[in-house]
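Look at the two complexes coming up: subunit A is in both, with subunit B in one and subunit C in the other.
On to the complex of A and B.
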């Protein structure tokens, strides 16, 4: 999904750069509410995991996909911190790994940080309300949120391409292909996200930001277990 | 599982993914590249301004062995993200009231450490 330089024209890249900068600025303020000296290490860990996981492309027919991680990071570290996690990953990838263009950095932050986190977190919160109020619902909600976040991001790319694409290609063809392939890639996103969230829920549910409302009733038990660290 | 063990296990998993498993990643074009080629907008892509970075494309310049070259680049990237992310989140997570009465919570005696 990393957009290279040259797919979108300069005005569109500039506009996504402004959107990305504004999003990161708001996230810097919001993340202060999510982070303390207990949760900050988890946010750093999540950023590092997302970077490593994004190196692992899995085959999907003639193409391949990798974890984007917006929904995963939002559920584990909180949505504002998740935007920062993904932005740090994208910055390192663009500047050191030549993965995603430099002038396209704003586009990639918009698509891979802002869109996936927003869609992923919103979907997760709705599902958390709808599903039974128990910890086992958390990985399910996270997986569905992850699944939806990927074609959503692909759809926003198609919209950006409609505005500022540099090649004359029929838009409906781009939308169909982008959303179609990324729906399949989203299944991988869902599987990885569900597995990782389930693993953390089974070992340290207190470290899962999105599980806090559900385990609030069990706080005393969990704090007691946490004392043995 | 203690907090320390959890973080240790997670770091080992991350290093394994970046340093070992990444070698086995699919080298098929990713979803966007594939769509770009199929629908005809792939040709406008330009090389990144950082294409001559010593770690470009997750390979380490000067290291010929493909497995080692990817492992070094992956682990270096992990280290850099950990450093940047760690510094950022540590800074944001600090409480201005550190050291005052509000920061001392009886149920978390190790909080100040």
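On to the complex of A and C.
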């Protein structure tokens, strides 16, 4: 669920707006370096995919949660493109679908694009180094990254709420509720992210950005006739 | 799919609000919402004035209330939170209709509900009166980086194609006795999502090649 207008006070909303703008500016430079003139169409289509993936609902207790997709987009398309894709999805949702307030756009970009992608990608890179250098490690690392990225985002939200929240709720209650709830959502996010990355790895491993260093290590294997049986 | 041009929230019309310059509409929305967000919780007359401004704009735009009202359900999860606040917040307790609630929590909940509802209604009004292409032009005029505007343009152009593809995949799964919501069938759902990613990525490559063959040099013509 996106943060609506009026949830955080005006100074906090403006401050997160500045953070979001800076983060997106850095991602713009990174994505240009990575994709050159392909950036616009490729990131546009990946953003559309992320939007579609966020429509997947899964049951969490009595209600339902949906995929955030930060870690998934980072592993599949690279962290810079992922930040751009998620930010554009949030922009379209705020301006064309009335989902998430316009003054809370900076907050939503910070929480859903910057935090999930940064935490998800950092976790993924660390795990990729620790786990055995095999393609089978990629979905596992992606799943753990997705699991950690969701409660982290909730934790940052709780911190923002402590600074600029407009309701007198005890901070420990906010942290317990937000992080506890999002740990459950994180489990669903982890399972779906891991399975989706595994399915792309099994058919088109060359498209998985996070697997490129591992794919580069592969050597051509030539099997002589008759030895395969 | 097959809904013609425009997007789900657009309401076709020729009112002054529909014809207003998109960058001015975006600035007006942002300005109004900044004022609403900065309004202290106790200033109820200010909220009434803000609502009246918004209602006047909707009146001029001739978008029927019956069109906007059902679309406000998007704020339901948030409204549930705002209604929960009086019960979880601290502070002195007061009795409302025989139920003990926190007084500051009650005020905060009502304020949140007021601000959030004004925000949703204002955003809906923008979306109902502005074509997506005009929103893009407005953002461009306001100095949004070119790359963000183009990515957004591609997303708007292909969103119905990709979500249509997803919904056909889900129909196919359901017709084979598979429930995409149930964790038991997540492996099948994930394979469909993986296929959707590959198709989207390859569509992006084809779009890029088609653009190159029409003389694309890295920036879109204005």
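In this text, the second predicted complex is superposed on the first by the 206 of 229 C-alpha atoms of A that agree within 3 Å, B and C clash if a C-alpha of one lies under 4 Å from a C-alpha of the other, contacts with A are read in each partner's own complex, and residues count from 1 in each chain.
One rule holds in what follows: a residue touches a chain if its C-beta (ideal position, glycine included) is under 8 Å from a C-beta of that chain, and two chains touch if they have at least 3 such contacts.
Computed from a predicted model, the values in this text were never measured in an experiment.
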{"item": "Partner chain(s) touched by A:32 [first = subunit B, second = subunit C, both, neither]", "value": "both"}
{"item": "First, second, both or neither for A:126, with subunit B first and subunit C second", "value": "neither"}
{"item": "First, second, both or neither for A:157, with subunit B first and subunit C second", "value": "first"}
{"item": "Touched partner set for A:22, first subunit B, second subunit C, both or neither", "value": "neither"}
{"item": "First, second, both or neither for A:60, with subunit B first and subunit C second", "value": "first"}
{"item": "Which superposed partner A:136 touches (first subunit B, second subunit C, both, neither)", "value": "neither"}
{"item": "Partner chain(s) touched by A:102 [first = subunit B, second = subunit C, both, neither]", "value": "both"}
{"item": "Which of subunit B and subunit C A:48 touches, first, second, both or neither", "value": "both"}
{"item": "Shared subunit A contacts, counted only where both subunit B and subunit C touch the same residue", "value": "1, 4-7, 28, 31-32, 36-41, 43-45, 47-49, 51-53, 55-59, 64, 84-85, 88-89, 91-92, 94-99, 101-103, 166-167, 169-170, 173, 203-204, 207"}
{"item": "Partner subunit C, residues of subunit A touching it in the complex", "value": "1, 4-7, 9-10, 13, 24-25, 28, 31-32, 36-49, 51-53, 55-59, 64, 76, 84-85, 87-89, 91-92, 94-99, 101-104, 166-170, 173, 188, 191-192, 195-200, 203-204, 207"}
{"item": "Complex interface listing, subunit B residues touching subunit A", "value": "1-4, 6-7, 10-11, 13-15, 17-18, 21-22, 24-36, 38-41, 43-51, 53, 55-58, 73-74, 76-78, 80-82, 84-86, 88-90, 92-95, 107-108, 110-111"}
{"item": "Interfacial residue positions of subunit C with respect to subunit A in the complex", "value": "7-9, 26, 29-30, 33-34, 36-38, 41, 71, 74-75, 77-78, 85, 88-91, 102, 104-105, 108-109, 111-112, 114-116, 118-120, 122-124, 126-127, 132, 135, 145, 147-148, 150-159, 161-163, 165-166, 180-183, 186-187, 189-191, 193-198, 200-201, 203-205, 207-208, 211, 216-218, 220"}
{"item": "Subunit A to subunit B touching residues, read off their complex", "value": "1-7, 28, 31-32, 35-41, 43-45, 47-49, 51-53, 55-60, 62-66, 81, 84-85, 88-89, 91-103, 154, 157, 161, 165-167, 169-170, 173-174, 177-178, 181-182, 185, 203-204, 207, 223, 226, 228-229"}
